Every structure is written in structure tokens, then in C-alpha cells.
Amino acid sequence: MKTIKDSVHGHIEVGGVARDLLDTALVQRLRRVRQLGTVDLVYPSANHTRFEHSLGVYHLADRALGHLGIEGREAERVRAAALLHDVGHSPYSHNLEALVYRHTGAEHDDVEELLAGGEVAAILEAHDLDPGRIAGLVAGEGRLGQLVSGELDIDRMDYLVRDAHHTGVPYGTIDHDRLVRELRYLDGELVLDEGNVQTAESLLVARALMNPVVYSHPVARIGKAMLRRAAERLLDAGLAADDLRRMDDADLIVALREHAATAADAARLDRRDLYKRAVWAELRDTPDDLVDADHDAIRERERTIAERAEVEADDVILDVPSRPSMTESSTRVVVSGEIRPLGRQSTLVEALDAIQRDQWRLGVYAPDDAAERVGNAAANVLGLDIDGALVSDVRPGTHTTLDEFATE
Amino acid sequence: MKTIKDSVHGHIEVGGVARDLLDTALVQRLRRVRQLGTVDLVYPSANHTRFEHSLGVYHLADRALGHLGIEGREAERVRAAALLHDVGHSPYSHNLEALVYRHTGAEHDDVEELLAGGEVAAILEAHDLDPGRIAGLVAGEGRLGQLVSGELDIDRMDYLVRDAHHTGVPYGTIDHDRLVRELRYLDGELVLDEGNVQTAESLLVARALMNPVVYSHPVARIGKAMLRRAAERLLDAGLAADDLRRMDDADLIVALREHAATAADAARLDRRDLYKRAVWAELRDTPDDLVDADHDAIRERERTIAERAEVEADDVILDVPSRPSMTESSTRVVVSGEIRPLGRQSTLVEALDAIQRDQWRLGVYAPDDAAERVGNAAANVLGLDIDGALVSDVRPGTHTTLDEFATE
Amino acid sequence: MKTIKDSVHGHIEVGGVARDLLDTALVQRLRRVRQLGTVDLVYPSANHTRFEHSLGVYHLADRALGHLGIEGREAERVRAAALLHDVGHSPYSHNLEALVYRHTGAEHDDVEELLAGGEVAAILEAHDLDPGRIAGLVAGEGRLGQLVSGELDIDRMDYLVRDAHHTGVPYGTIDHDRLVRELRYLDGELVLDEGNVQTAESLLVARALMNPVVYSHPVARIGKAMLRRAAERLLDAGLAADDLRRMDDADLIVALREHAATAADAARLDRRDLYKRAVWAELRDTPDDLVDADHDAIRERERTIAERAEVEADDVILDVPSRPSMTESSTRVVVSGEIRPLGRQSTLVEALDAIQRDQWRLGVYAPDDAAERVGNAAANVLGLDIDGALVSDVRPGTHTTLDEFATE
Amino acid sequence: MKTIKDSVHGHIEVGGVARDLLDTALVQRLRRVRQLGTVDLVYPSANHTRFEHSLGVYHLADRALGHLGIEGREAERVRAAALLHDVGHSPYSHNLEALVYRHTGAEHDDVEELLAGGEVAAILEAHDLDPGRIAGLVAGEGRLGQLVSGELDIDRMDYLVRDAHHTGVPYGTIDHDRLVRELRYLDGELVLDEGNVQTAESLLVARALMNPVVYSHPVARIGKAMLRRAAERLLDAGLAADDLRRMDDADLIVALREHAATAADAARLDRRDLYKRAVWAELRDTPDDLVDADHDAIRERERTIAERAEVEADDVILDVPSRPSMTESSTRVVVSGEIRPLGRQSTLVEALDAIQRDQWRLGVYAPDDAAERVGNAAANVLGLDIDGALVSDVRPGTHTTLDEFATE
């Protein structure tokens, strides 16, 4: 047993297959991939990494397995999957995910390929574990996959608490210890035991409160949009998407600095000299076809806006988040002895669903001195139902939070 | 300036009138009145007192005044009111409030009377402060009264965090520092500044999550019902209600132990030998006239149930909470430059309102060996719409939590 | 298994014999005995009880047993001893210990008698455990007794962290998790495993830092001296010492209020209207025979001082702590494969020993208006080697800390 | 005022010159310089940066100035110096400091040069502040320089708490709030006010406990030695030392990966495939001339050891820390009205001094498979007084801690 001190969970004991996997290149690379991508532009303390998160997920998995009474090879499989679940992540975690998927034609991380051969496969096989099954667990397959990747997964239990600890925003402080204790398998389904409707709700509430303040903070979104745009230029300039996804944060930062096509972007990100919001529009003010537009259509709109505003094409970024959805509503809880989806049991889930739609924002970003012109052009081009006066004034809207540490 | 170390806020600096008030009998008595009454029967660490809470409210008031730019005598008045706001509390804080009000004919704590004369009045007057106006602030009167007792009051900001710290339940961990910073006066109304809809929501969510797990935990409610019943016996035996309300926790505990009419109750409470739930019914299953029944009607029903169940009258406690209401929905937030009530702005408030109704429970309690008979009798007498099988089985219902540390 | 939420350790699982012992009168009484006696006069949040501490010690014992690989009846014995180790404590914990011992002729708590019969004995026997052996463990007997009561005991590991949490003073924040993990038995001795000299030192340092700021804070000591004096009056007035030691804090508070001989003391304590320091002398300035004086000799000196100062006998309290000793210096650590006493291995232990002597203070206390006269008389009567000017000026000395929250 | 959320201090308000300095390239670069260099090889959560630390120091400076009553331009100067105090740090903070100094001939960071011109100078001048005086404060000059860089500096108060928060090691949890409150100027000297000998001691104790467990953990030292060696190869291969010191962590990581001379080192660091300890010798076992040897002499010994052990020259790293010294012993405290150096007042300081000498270790590191041979050769070449059997066995010695997360 190796004991590792973690700032969130205290002492984490690592044994068995996990111990052997720990010092592999695939897992160690996660030390250089920050958990929250560009969120550190808003919260300077948010420098924690996928490595410590993976250890945390491993730890919670190990404890959940104990409470569930799962042992032996089955348990080792879950522990391996927990430690490996993020090895396919691109640099800056989820910031470049969509870009990489689009350019590789993938629909998810290539965990299966990564585990199929080489050092990790050898270790798994030495422990009599099948790499394909581990990849399956990471993908959420089967009864045990629900634990690694599902509505009640330990991934979420770790990241909420960890992100709260490192940003200083308390909303993510859930009772993960209780959640792990109350997991049960009933009829092959992972559920929360009787008396835990509220425990389940608290998990959803924590995410709903963290979302606009941390994960989708406007400044973090602008930084992410700028980074994505710059990374796209690297791909256009010949970098293979498969190489991009294998980089760590340091590789990407330096690549952006060194390449002529992206040096200016890198300088902006390095200095936190970010674009500003030219438009910030609610879902109800945004035409449906724009919400559902694909990447090409969005790039096309950007060009039209730039022309109309008489600015460089690069001076406009149109940032359209995907439609809100709340998968947790299918979290299963036991109520009076039967399994029920939380969404049917809890009034709160419905409200959180509505909140998520309220919190959705379309953003158009531009350099400070072009923001007003771009805003006016964008409202016109995109057919946004916005009162003219508010366009470049930034509509803070219902659920947007104070721009802590924003230059705006 | 005196500096006091507090487990929640760190160093609290006490000066001016507050410093002089600190060592008065009225304020020092709060050291022996626990903040959460019988909640320590569920959470053994919940032994914090009204004294440290009052200091915390004073501290937050002082900081809010700084952010609001209020100084001089007006500020001193608020500080005095903050420190004194709980001096009228009975032993066991809110546990005996209704009982005391019923027996004294009062509708609220007698803060006005307490401040009108004696040591405290002398100190207030020496600082050129009018006791009546301080009592008015405690009652929530005026612009500044909203800060001490209103929808956005600092009372709540302190107790949620403090109760979380001392119970170990994390749900109350709000961002009180941000709340205090974002308070503003607009058109004479205390509001949360632009961009804080979510900050306001987080306060409501924290209370909604703490409520069933802490404040209305079944075991705490049973303890409270038993205590209230015992205290009522003391009043019936001749104790004056005005003497009861001046006691501290130690006085009451010992009085219950020493009086023949209550020695058995005291022994039960001392040993945590509590009644059990015979019925635990939702709002929708409870007849309206029962929800709105007054004290006499409830005692009458208890007697009928006891007769039907063939047990002693003392063996039945019928515990009917008041109808749920959510005053916070009128919390005022600034959105796009105008003041709006949170209830109109936030989808969440409506949901929390519904949740509060979901969480409401009527309880019938009885000694362990009588619980089944009492449950059956009660369902019948009270006309509850409960499936017979569940009566004494305790319906955990939607939002009830695990009975941590319950003997049940 | 019952799960109890604790503010320090999170979820504590209570099973086996401990679960049955939990709701006995002997254990439940500890809910009404505060852990730190009069320390709440300095730190208003220090209201935690012997009950939650006992649960914490039980929890750490359970975890230590797991790491040590001890199971079965032997482990159950330790768990029972951990939960029961404080049942013999008087009200206000250690504040009245010496008084009770003197009046009963005892040399330690009467745990053996308490466990020998009644409810607890019946439970122990039902679990096939011998009450006498449990009492032996509490007294530190044998290999396992070292775990419950010894140089490396879990009692200390719990109270340091708990007292830090509840006072807000961070110095007690030790790494108890690591301490529990590193315990080993070697040649029948409880030791800290290789590489833990510093872990052992950190435990000693924590206590040395907490001592003058918390445990021996001047205001706490004055409160304790006044309480002890008042309790002694109750005994003189006929209260049996064996009854006193069975009281809880509420019983004692009310007894002091109700008895004519102590009502004035109770009023002072209730209002925090404490005596002031008339003398505060270092060890090197105090004659040896005074340091070693017994109770009668001390009372005799008080009377002489009072006469000389022309004040009532009750207006003088002479408070002479026992000589400093550092039992932890015999803590055993493994260094290069052999067991060594920490005192021989660590330069720090020697220093802490010297610090403890530096921190020792003799106190003479008196009502505010008599303090100067009493101070001068006491210096003279006691033969203290103090520069006259400093006598009633209070010598803050080397290691005395700021009087946070003192009225002095 | 801009408000920034920090994981340690909560909300930090940044105004005046600090606000303008915040988004300069010089300050923003600190976002990519980790606070603890290679310590993350031991504590995976230790990814915090010089940027958040600089903000923290700014915050504590601001609060200290408030308590000290210093305002106006003098205060702005201190705030600027606090925010800028680390801008001269090389990548990996102190890990490469000695190397950079040797190659540039400098004796300290080139803060003066960095502030003398460009963007930062312009901002300082716009606020009517002289860059040279700010640099002087960073260097500890004058009365106010003691606050920024001295025995009682706020730098230390921030980093101890921050490092504790991010590593999870509790020993650094000092009472920084009290320290900041108790600072005074007396006769032009920065001192801790009366009654704070212990407060001063607690700061020293924290550092003494953090040192071997965090700052000088063997694995962190090995990582640092490997990094330093690799960086030296980059310099030998033509990189200018002045370019190296301006890099951030990402630049350096990628430079090491990309250069042929260091690609193997980078791969080892990336994979945490570290050298092992071949020798770990105490100060008393190490010849004086070796302790005081300069860089050339050390490289010469490495070559001799390598020859004797018949391994590549690169396979031996000799790591000789500088002689222990304890500057804090001159911390000034007020005792009985006069200023005294803590070292003369406190028994503990002397002990900590001895401990520091006890904790000193010379290390010889080598690849795993060469460690035994190298160890034997080194003991012989270096004339270490070590029992043969222990050479490559690693002498854990008195104060070395468990290798948490070491592969060794």
C-alpha cells in the first residue's frame, strides 16, 4: 500500500492494480492537465489537476465498493477504471473536447484505444484484468459502469468538493461521505437507499449553483472560446488533432506561443487581455435555429457579423452552448421500498431544469475597442430579440453572477 | 476594542456600546441557552449557544454597516440590536416559544420590556441610544430593521454557517461573506445588488436543505415535543410562564428533574429514551382542519387517541407543525437596475415552496411499546388518508432523511 | 450499525457493545458535562461535551485497532473502554477533580465502581466482556491500555483537534489521521513506526502551544478557581462529595445558584464578573515550599493574606498549579529499527520541558477593587521575589498570551 | 475595487496601484510558476502558484497596514511591493535559484531591473511611486521593508497557510490573523506586541514542522536536483541564463522535452521515474569541507564517484544543502515593555536551531539499478562516517518522515 496525501480526502491508500498504474506515462500526464481549464482566469487558485481528481475518484470508488460489499477482481476492475477514467482528456480538460471530436470524427475520448496496448495494457493483463472491460466501465457500461460514469457517479462527488476547495466557492461542498455510504444495488440498478431523496437533491443543487459561478462563468467562457479558436488555428496550420489531444497543458501553451498563427492569441491569454462580451443573450431571445446551429454555420455567422461590423474576421467569436439538459433527473432513489427516478419524485429537479434554461447564455465576444460595433452587428445578423440599448451593455440577466475578477 | 475568538468568524472585535453590553446579565444568560434546543439529541456536537450566535450576528452587522457606509449613532443602534436580538429567548431557544406565548398572551419575545429598564437601559442611555428604538430594530422596524430581522437578515447568515459548523452537516455552508458585501439600500429597501439572484437563491437553498436534516429532524422534533409537554406540566403545576421564559437551559433541566410531575420526563430526556413515531403523515394526507387546529383541539384529539388505543393520556403526543410559508420569496434583488422580489425572478423559489409543503409532516409519538396501537388509533381518530400497513411503520416520505443517531 | 455525525470526524459508525452502551445513563450524562469547564469564559464557542469527545475517542480507537490488526473480543474491550473512559468525570470535567479526590480520598475516577454493577455491567457481560478488565484498560493497564490511556493515547489525539475546532485556536490541528496509521506494537510496547519522530513531536508541540492559550488561559484559571472554591463551600455545607461527582454541569450550576452559601459565587460566574489577577508569578520567583504546599497550607496562606490586606477571607484565592512534568517524553518511537523514548531522540522534547516550566504561573486572585491590596499583601506573605511595581500590574511574563476576551 | 476570490483568504479586494499592476505581463506570468516547484511529485495537490501567493501577500500587507495605521503613498508603496515581490522568480520558484544566480553572477532576483522600465514602471510612476523604492522594499530595506521581507514578514504568513491548504499537511496552519493584528512599530522596528512570545514561536514551529515533511521532503529534493541538473545542461547547450529566468514552468518543461540533451531527463520527470537515494547522511557524519564545498568541487566529486562506481557521470547527483541557519531567532517581541530578540527570550528557538541541524541531510542520488554501487563509492569518496550496511539502505535518521507517495 502506498499512502498519498490529498488536500481534499486526506490520506488515500493506493494498492493493487492502481498502484502499478500510478506511475505510467498515461496517468502521470494528468499532472499537467488542469481540472478546470480556463477557470483559473477567474479563480486564481483553481490550478488543481486531473491527476489529483483521478486519485480522488479512485478513493471514493474504493470506499463505495466497501460499502457495496463488492470485492475481488470485479472491484479491481472498478478501481482501475476510476483511476483511468480521464486519461483520454485533451489539454485543458473539456475546453477543447468538442474541437478534438470534430476533427477526429470521434464521439468520445479514445480510452479504449489508449488502454488496448502498451504499458497500461500490460499492467492490466498482469493483474488478470481485460483492458476492453475497463474501457467499458469508463464508458458507463453495465451495473458497475454506473458507478464510474452515470447519474450517481463518484466522478461528480469528487469534482464538486474539489472544485469548491480550490476555487473558494462553497456551493460545491456536498456530503460526499454520506452519498458514498448510501449507494445500493437494487434489481441491478445503482440507487440511493431509502431516505435519501434530499441527499440526491443536494448533489443536483450543488451543480446548479456551481455552474454559473464557476463552470460557466462568463470570463472562463471567453477564455475557453479564445483558446479553442487558437487551437483551431493550430489544426488549420497542420497540427494533427490526434497529436493535439495527447498534449498536456504545457505543450499546448508553448505551441500557441511558438506558432506564428497563434502567437497573438497566446500573448492575450498569457496577459489575461481577454475579449469582452458584445452580446450576452438568453435562450428565449435566441432563435431556435441558432441554438441548434453546427460549427460551420456558426463560423459563417461570425464572418457575416465581422463584415457588417467592419472588423477583422478574427475579432468576432460566437459562443453557442449546447441546449441545456439535466441527466441527473434520472438518478434513481428508493422511496417506500421502490425505485423511482428522482425527476418524478422531486419538485426540485423540475425547478433546476428550468433554472438551467434560465442560465443558458449565447455570447458574442470581441476585442474591447470593437465590442460595441460587433454587438450591434451581431444582434442584427443573429436576429436576437434584444432591446438595442442592452446589446453591448451586457445583459446580466437572471442568473449571471458578479464578475469576480473580470476586467469587464 | 476587545477581541473575541469565535470558531466560525475568527477574531471578532467588540467596541462601543456592544462592549459595555457584553457582560450584562441579559447577554451573559445566552451562554446557557443552546442555539438548537433538542437537536443535540441527533447531532451530539450541536451544543453551541445563543451567546456565540449573538456575537456572530453583531460581527456580520458591523461588517455590513461598513459595506453600506452607515456610521455613527445609527450604526451603533444596529450593533446594539444585533447583539441583543435574542435576549428574549426562552430556554431551549425556539423549542418552548409557542408555549410561552400561549401562556403569557404574547405574540413575540418581550425584548421591549427587557430593554426598557435596568442595567441594559442604563448602558444604552449612557451611549445616547434609545432602548425603544433598539427594540424596534429587533422587531424589524424601518430601513435598518430589515438588516436585523427581515428577509435578508444577518441573523440567518450567521446561523446557517454556525449550525453547519457545529452539526457537521455541510448544507448550511453559504457564502456569507459575499452576501454581506452585496447588500445595498435602494429606494429605502435593503436589497442584494445586481448579479446576485443566485446568491439570494443559495441562501434559500441552504435553509431548505438544512431544514429536514437538522431543524426538523424527526428525533429533534420528538425531543422538542416531549420537552414542551413536560414544560407545560410545570406550568400546570404552578410555575409562572414569565419565570419559565427567564430560565436558562440549566434551570429548566434541573426544574424538570426536581418536580414530581416531570421527573419521569426528565429521566427520559436525560437518557435519550425517546418516544417513537406512531404516525408520520404528509400534508396531502392530513385533513385541513387538523392542520389548522389550535392547541386545545390538539390536546382533545390526543385524549381521544389515548382512549381509543387504551393507553395513558400522557402516552400520546400529537405534533402538528404550522402551515409552511416561505417569507424569503419577498427577498429583494436588483435585476437590470430595478428591484424585484426574488419570488418573481427565481424559478427556484417556487420549487422550494413546493418542497416545504412536501417536507411537512404531522407526527404522532408514543412510547415504544405503545406505538403500534397508538398509530392505528390515531389514523382512525384523525382521519388520515394512510394505507393501514404504513401507519406505525413510519412513512419516510419524500424528503425525510436517514435517522442518523435515532434509536428508531 | 448506527451512524452518528460528528463535527470533527464526520460519520462515526457505532456497533457492537458500543452501540448498546450508548444510551445508558452513565454515557448520556456526558452530554451535560462540558469538555473544557470554564474555558468558555474565554472562548465562547468552547461548549463541546465529554459525550462527543468520548464518541471521537471510540472512533479513533476503532480505526487504530483496524490498522493494528486487532480484532474480536480484545478489540471490543478497547472500544468499550474508549467510549467509557470519561464516565467517572465530575461536572466541569477536570475543574473539580482535585477537590473531589481530596474529599473522597480517591486517587482517580471511580470507573471501576461505576462499571462493576448496574446497567453498564449487564451490557458488558451480555457481550461477554469483564467490567473489571475494561476499567483496567481505562486505567492504562497492559499493552492495550496504552492505547486508551498512555503517552500515545487516542484521548489526546481527539481532544487536541476537537478543542481547536471549537475554540477557533488552530494550534491543536494535529495530523491525527497519520498518528493513528503509524501506531505499532513492538515487543509488547505501543510505538510510532519508523520515520515518525516528527509526528510524535507535532503532538507535543500542539499541546505545548494550546496550553497557555486555552487550557491554562488566565481567565479560564480564574473561573476554575472561583468554581472550585464555590463547590468547596457546598461540600462544607453538607453536600456529599460522592453526590457532587455524579452531578452534571446543570445540576452544579443550579445547586450553586440555589444554596445561600454560594449564590453570590454563582451570580459572579453567571455574569462573568470574575476576580482579577493580584499576582501572577513565575516558577523561579516562587519559593519551593509554596509550589509543593498542600491544600491546608494554601488555605492557611489565603487567610493570612486576607488579614494582612484587610479584606474578607473569601476575597483571596491562591492558585498554585502542580509542578510541570512532561510524560510524553517517554513516548516511544522506532528509529533505525529500535525503540527509543522520544525524550532521548528529540531535542525538542527537552525544550518543551523548559517551556512548560517557563509557562508555569502562580496566581493570586481577588475582586477588582481589592486586587491591589491583596497583591501587595500576597507578595509579602508568600515571599515572592517580585519587583514591587509589578505585583498588581500583572506580569505578563514570557509565554502568557493576550487576554482575548478578558475583562482585565 | 476589484474583488478576487482566493481559496485561502476568501475575498481579496484589490484597488489603487495594485489593481493596475494586476494584469501586467510581469505579474500574470506568476500564474504559470508553481509555488513549490517539484513538491507536487510528493503532494499531488501542491499546484498552487506564485500568482495566488502574491495576491495573498498583498492582502495580508493591506490588513497589516490597516492595523499599523499606515496610509497614503507609503501604504501604496508597500502594497505594490507585496504584489510584486516574486516577479523575479525563475520557473519552478526557488528550485533553480542558485543555478541562475551562479550563471548570471547575481546575488538575488533582478527585481530592480524588472521594475526599472516598461509597463510596470509606467504604472508605478502614474501612481507617483518610485520603482527603485519599491524594489528596495522587496529587498527588505527600511522600516517598511521589514514587513515585506524580514523576520516577521507577511510572505511567510501567507505561504505557510497556503502550503498547508494545498498539500493537506496541517502543520502550517498558523494563526495569521492574530499575527497581522499584533504587529507594531517600536523605535522604528517591526515587532510583535506584548504577550506574543508564543505567537512568534508558533510561526517558527510551523516552519520547522513543514520543512522536512514538505519543503525538504526527500522526493521533492530528488526531483529538484534532477531538474536543476537538466536545466544546467540547457545552459551548457547555449540557453542564456537570463532567458531561463524569464521562462515560466510551461516554457521550461517543453524546452527540456524538446532539447536532445535533456529529453531523457524530461521523460524521467514527466513519468516520475526518479533517481533513488544512494546515500542520505547526517551533518555530523559529513566532513566540513564537503558541507562548504562550492559547485565546481561538488561536480568534481560526482565525477569521481561515478568513476569509482563504474557508472555514467550523469548517473550520480550529489546534493549538498547549505548550512542550516535560523534567521527568525532575531524576530523582535515586546516583553515587559522592552524589545527583545526572540532567540534570547525563547527556549524553543534554541531547540529549533538544533532540530534544523538534526534535519540536515546530504543526499547522493542515482538511478535505481545503480544506487547500491553509487552509494558504496560515494561513502568512500566523500569520507562519510557511515556504517557500511546502511549506505544504500537509506538512513531514515532522526527527523526524516515517511516517504508518502515515494516510489522508494
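When the chains are written out, they are named A, B, C and D in that same order, and each has its own residue count from 1.
Keep this in mind: contacts are C-beta pairs under 8 Å (C-beta built on N, C-alpha and C of every residue); 3 or more make two chains touch, one makes a residue touch a chain.
Here is each chain with its UniProt name: A, B, C, D = Hd superfamily phosphohydrolase.
Remember, it's a predicted structure, so these values are computed and weren't measured experimentally.
Graph distance from chain B to chain D, where chains that touch are one step apart, equals 1. Of the two chain pairs considered here, B-C and C-D, the higher C-beta contact count falls to B-C.
When you average the Cα atoms of each chain and compare centres, the chain farthest from chain D turns out to be B.
Computed centre separation for the pair chain C/chain D is 40 angstrom, with centres defined by C-alpha atoms.
Chain centres here are Cα means. That of chain A falls 51 Å from that of chain C. Chain centres here are Cα means. That of chain B falls 34 Å from that of chain C. Counting partner chains per residue, chain B has residues 3, 10, 169, 402 touching two or more of them. Considering their complex, residues 2-8, 10, 23-25, 28-29, 31-32, 34, 40, 43-45, 47-49, 51-52, 55, 165-169, 249-251, 253-254, 257, 270-273, 402, 404-405, 407 of chain A touch chain D.
In the complex of the two chains, the chain C residues touching chain D come out as 169-171, 173-175, 182, 193-199, 201-202, 205, 209, 212-213, 335-336, 345-348, 350-352, 354-355, 358, 390, 395-396, 398-403.
Those residues of chain A lying in contact with chain C across their complex are 3, 10-11, 177-178, 181.
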